[in-house]
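Alright, structures below, take your time with them.
Two complexes are shown next, each including subunit A; its partner changes from subunit B in the first to subunit C in the second.
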Partner chain A sequence: MPDESILSDEFIRELINVGEVDILVGVPTHNDARTVGQVVQAVRAGLLKYFPRARSVIINADGGSRDGTRDLVCAASINDTVGSNLPALRTLHSISTQYEGPPASGTALHTILAAADLLQAKACAVISPESTSLEPEWVERLLRPVIREGVDLVLPVYRRHKFDGMLIRNLVYPVTRAVYGCTVQEPYPSDYAFSSNLGSNFLNQDLWTQEQGRHGTELWLTLAAIIGRYRIYQSFLGTRGRLESPPSDLVKAMRETAGLLFCSMDCYPAAWKDSREPLPAPCGGCQPAVSLEPMRVNRKRLHQMFTFGISQLEPVFSSILSTPTHEELKRLATLPENEFELPEPLWARTVYEFAAAYHRAVIGRDHVVQALVPLFRGRALTFLTENREAKESEIESNIDKVCHAFEAEKPYLLQVWDGGK
Partner chain B sequence: MWSNFVGEMTRAADEILKGFARFLPRILEMLVIVLVGWVIAILLRAIARSILKIARFDKLSEHTGATQLLRGAALPSLTELTSRFVFWIAWLGFILLGISVLGVAGFDEHVATFIEFLPRLVVSLFILFFGLLAASFFSRAVLLGAVNANLSSPRIISWAVRTMIILFVVSMAFEELSISSRTVVVAFGMTFGALMFGLALAFGLGGKDLARRYLEKRFGSEPAEEQHDHEDELSPL
Partner chain C sequence: MPVQQDALWYKDAVIYQVHVRSFLDSSGDGNGDFRGLAQKLDYLQDLGINTLWLMPFFPSPLRDDGYDISDYRTVNPLYGTLDDFKNFLEVAHKRGIRVIIEMVLNHTSDQHPWFQESRSSRSNPRRDWYVWSDTDTKYKGTRIIFLDTELSNWAWDPVSKQYYWHRFFSHQPDLNWDNPAVREEMWDVMRFWLDMGVDAFRLDAVPYLVEREGTNCENLPETHGVIKDLRTRLDREYPGRMLLAEANQWPSDLRAYFSTGDEFHMAFHFPLMPRMFMGVKLEDRKPITEILKQTPEIPETCQWCLFLRNHDELTLEMVTDLERDYMYDEYAKEKAMRLNLGIRRRLAPLLDNDRRRIELMNGMLMSMPGTPIVYYGDEIGMGDNINLGDRNGVRTPMQWDGGWNGGFSTADPETLYSPLMLNPVYGFQAVNVQSQKRFDHSLLAWMKRLIKIRKSTAVFGRGSIQFLYPANHRVLAYVRKLGNETILVVNNLSSSAQAVELDLKPYKGNILVEMFGRNVFPRIGDLPYLLTMGPYQFYWFKIRRV
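Moving on, here comes the complex of A and B:
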């Protein structure tokens, strides 16, 4: 049964007016007035162009915007209906609702899932309001594999700057690949699509009152699909637009990624401890996914924050890390910036020791995750140095090198998981 | 005269022997109580030790930082310490019970006082333990937060938080035990007040710009001057 308690009476009334649909596109927002208009227009154009016969609805789940985001969504919809040259054979509905509670992507996804369940949508896509480079084709590339090929989860592959998404490239992707045996390049997607089967299953999971049901829920969905052995597909979408002010809160990002990964490893040990067949995740239209424009990066600050973290968090690290790993990291902290290198095997062992410490709760679990932040800065610095002059192919091979290190160290993870340091 | 002296001495010796004969069973009774108490205390210690091991009490103690404190003072683990505490409390209770059997005048009152004191002792130990737990948790949280925010002297900030909580907890524990409670509370109030005054001065003098920016951002209609606190253009996700 869908959890209808999250849907307001007014919203349910609007959904009942819409009736059953084939496609539901969810747009979670919170103060996204700058970008949401063009995103909704592109979504509408994609639906009208590629799925003109499908009964479709766009659901905007808003977290209480105060900048008129919801008005812009409705305005964008009206403009499209009036000015579009694209023929619609069915009515394309757009509904905006404000969910209860503080703004959280997980709560927005919960609202979208509950609405999709109520409307019995066959396929559901979620589009980030920050996807400023969204083309109508993205909607087709995300939804077609679900509708035509029976895929359960379609994840995006973007062309991104070589230094964008370093936490994904140096931690989330390698750990997902090594631990769960699935090579999904963007396990924490902002634009994705899924089947009604996976959506209903996910909706009925007992996670909506927990942290993973509020933040990082998209990563949890990917992990649930991998663990449940659902059919996964990756679609190359194109260049992902960069925000003018990228999120700088690394601690929050670490909680949403490493925290959730460690939590899933702790909750589902059988899914990764026993050797299972790797889960294929074929990529449609994949191209080299790295761009090389110049970017301002403060390497000195990364180095300073790594060494500062190592010196100040000595008592915390001594509870989490094994003595050899801790000693090695302390040695690295004495090196000058131009000689600094946190090699892949040491990084893999460090992350695995953190995962084991999280599992054994040697200190508060949130503290374990927070303590990884300064060490990640060291790894980020190494990645920046390694790839400063690198070409596309070299960068991809360097990311593969990180993944191989995590795969090679997996026996070490099994060793430290239950045992001592 | 000699015969009188011998008679008195014999009578006195008889009295001593009779008194001793009357008192001997009580001494034996006391020894038996103390011995049985010792056995029971050993059993209680073993039970307490097993329960604490099953409950992974040492792990909890490690989380609270109590283990580090004990190690620093060359004391055994908290499990061992608690089980020894159970042993001594139980045996001391039996010893007092045994002594009370001797019928020493006024001793019963001391035993009663001791038994009344026990619950307060246990409560104050609980306060101390959970206080240490809170001190350890919050000081670590502050340390991690300060390091990740790149603040200067995170260890000093963390130490200050820890010290304040421990001071607060110790004053609560002493108050529970009614040991110099006024002195401890006044001392705590003075220390806490001085610390807060110091922090207020430090914030006022050193952080006035930060406070102004915060207040402008929070309540002002005009946006505060642009902050350039992004370490770079990197996006981690």
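Moving on, here comes the complex of A and C:
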């Protein structure tokens, strides 16, 4: 049984008033007043337009906002006292709860899952409060496959700038594809939908007291769906808006991506070591998903951070990497920026050796993950250089090239997983 | 118990709608008649209703179930004689039952002598009693009501070689209410029946009386002028009689038919009815509260007339496209169930013969602000026959017992005006008055109790209403109040059990007394009043200070 103690009494009273629903849309927030109002209004428009007969609810799981975020979500309610001029057949509850503990997307998802379970939602979507380019159609594209076609997990495909999401494109996507045999372009989604079946299963997993239950939980959900051989589908949503926000913390991002990937490989070796049929993840409405506007990137800094990392973390790398891989990386560190290239096969072997080191816990696992950061900067520099002048199709083919390298090196992963360096 | 003299009697009425032809055949010719109806007044009195609304019983070619009248001043021989009617009326009044009859003002049958004269030549003195035109392009902005059968509101008359105007079937030409002679004649017709003692008229199709170019020919000021004139005459010559409007319009448009209390006494609340069905199917009170919020205040002497089903299709004219599609999909899955912009089904089949839902709907009907109408046969849960044409599927013979022709007639079954219901669920052997009289918990017995409790207080007919809006949208709750008497009504529209918290602070310190079982519920305190309700359950509570 899921632990419903995470839901406050007040929130449970609100859920009682909502009652059983067909669709639940969860919006995890923390001080998102700048964008959440617009996003929730678009979600509501999507529900009214595409699922007018469904019993729906919007649930905001908030991490303690102090900027009025929760009020903005609640304002999207439609009932017989407010919003009755909208073409709505039904009451639409839009409610908010503040979960306990520090802000964490995993805790928010846990709250949303518990609510969905309690309300017996047949389909559940989670929408990022930062998805400012969200159109009502996104709601339909995410939920319809679950409701109409029995899909368990719908992942988004966005049109992104060619240099957006480099960690996903150079690591998470290729590893997921090569190791687990499932081609999902956005395995770490911010807007996604899932069935009650997958939701209940995930809710009952023993992860909510662990790190993956707090951060990177969305990636863990994708991996759980792949490992559990659930039906996965990808929906092309459109351009994902970019918020002007401070540079993200790469160490944190690495923990939530590579850290979780390595953890899942460690926890579920049978899911990837034994040869399994690839798990299909068809894409609806997919089209070239790359935009090419000019963008300023500080390549020199990336190069410096790579070379600095190689020299500073020498002992750490000695514990993690095989000698040939380590030597090759050290050689790359001696190259000037304009000659620098971390090729795909070497990158794949490096990542796999890190995964094996994580598995064998040759040093603290978090240190293993953190040590991958400077090496990723080298890979990012290579990707930037390689695709500086690239057209849409070239970029897609270059990303494919990364994936092929990881696929080709999978036997090497098997070899290093249990063996020595 | 003769009828009481109270000018506002219609506010306390519980109306039973019946077609003479459908109720009881005393002559054995296959058609119900006034003698048969008079025989069953005991049954109706026992049921507890105090007003009868009779569908048209005038001579007619019966191409629109009597709404195509060919003589306004007598009774269709199929149903008996004028003396039979007078006798029925007298017996009904002796039992305290008032009688509302139909008055179709807008149109006649094309077989009516007036129309025959009118069409006979363009110079006939009655030519102007109807609306004629050389073209079929006048009044272009007027909608067609019977979309399934009519292509135009004009029909070509090959005799006088002009078009005549008809808002309904082409065999029902519209009278020309701009003609003073028509007005005088129709008032004279009404006086004919008022002199006999009828208590009220249901005036059929009132929005369409007058036509004007450049308008939609509905609800025109000139039409209101006609009604005001009739009302003035009625009040002057026959005080205490009543006019009931049939106007399928939005509440805001309907409001004008009450005017300042000098047009209609009552009008049907058409938009509420489909929304009650919608609310129960959606398990959401929103459609009901929304339409009632849009319903304007009406003069003190006026009243809404509420109904669940009647002799027509469940009209979906007063709903949005989204709502209509939903209603069709949920309540008329088979195409044969649909007619015009509506659903031609009876109450019980619409509600899947679910006793709980039937009770809930009747509970709402009897507790909302207005005068309720029970359609004949719905008190025992009669079914419909969608294989019969037009709206005949909801006009089948009353099912009195499980014997020959369901107790309706001694005629050969083939000669009945309509086939009986025979299927194993709704057939007369399964659903009939006699069998339901045997059991205290039959639908019939329950309806008797419901009507009795409704009539036990004037609050439901005359009181104010205030909605409570509990956070649980599946629960519709309202307070009815008249003088010192206050009643709380709580309806669970959901198919599952619900908990609901009601804000009853204004009544703190009072207790609730459930009106069916007379059981006392806990005193109202500072906290929201918590009720748990079974699926489709409803409560009527008296709020009483102890």
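One rule holds in what follows: the second predicted complex is superposed on the first by the 408 of 421 C-alpha atoms of A that agree within 3 Å, B and C clash if a C-alpha of one lies under 4 Å from a C-alpha of the other, contacts with A are read in each partner's own complex, and residues count from 1 in each chain.
Here, contacts are C-beta pairs under 8 Å (C-beta built on N, C-alpha and C of every residue); 3 or more make two chains touch, one makes a residue touch a chain.
The model shown is predicted, which means the values in this text are computed figures rather than measured ones.
*Asks:* Just checking: does A:165 make contact with subunit B only, subunit C only, both, or neither of them? Give me first, second, both or neither.
*Replies:* first
*Asks:* Tell me the contact category for A:362 with respect to subunit B and subunit C: first, second, both or neither.
*Replies:* first
*Asks:* Contact-wise, after the overlay, does A:302 reach subunit B, subunit C, both or neither (first, second, both, neither)?
*Replies:* first
*Asks:* May I ask you to name which of subunit B and subunit C touches more residues of subunit A?
*Replies:* After superposing on chain A, more of subunit A is contacted by B.
*Asks:* If we overlay the two complexes on their shared chain A, which of subunit B and subunit C does A:16 touch? Say first, second, both or neither.
*Replies:* Second partner only, subunit C.
*Asks:* Quick check on the superposed pair: does A:51 touch subunit B, subunit C, both, or neither? Answer first, second, both or neither.
*Replies:* neither
*Asks:* Just to be sure I read the superposition right, which of the two partners does A:373 touch: subunit B = first, subunit C = second, or both, or neither?
*Replies:* After superposing on A, A:373 lies in contact with subunit B but is clear of subunit C.
*Asks:* Mind sorting out which residues of subunit A both subunit B and subunit C touch, each in its own complex?
*Replies:* Comparing the two interfaces on subunit A, one with subunit B and one with subunit C, no residues are shared.
*Asks:* In their complex, what parts of subunit A are in touch with subunit B?
*Replies:* Residues of subunit A touching subunit B: 163-168, 188, 242-243, 245-248, 250-251, 253-254, 256-257, 295-298, 301-302, 305, 308-309, 312-313, 315-316, 319, 361-364, 367, 370-371, 373-374, 380.
*Asks:* Which residues of subunit B touch subunit A once you look at their complex with the stated criterion?
*Replies:* Checking each residue of subunit B against subunit A gives 62-63, 68, 137, 140-141, 143-148, 150, 154-155, 229-237.
*Asks:* With touch defined as at the start, can you tell me which subunit C residues reach subunit A in the complex?
*Replies:* Within the complex, subunit C contacts subunit A at residues 278, 282-287, 289-290, 293, 320, 322-323, 326, 467, 469-474, 494, 496, 498-499, 501.
*Asks:* Which residues of subunit A touch subunit C once you look at their complex with the stated criterion?
*Replies:* 13-14, 16-17, 19-20, 52-53, 55, 78-81, 84, 87-91, 93
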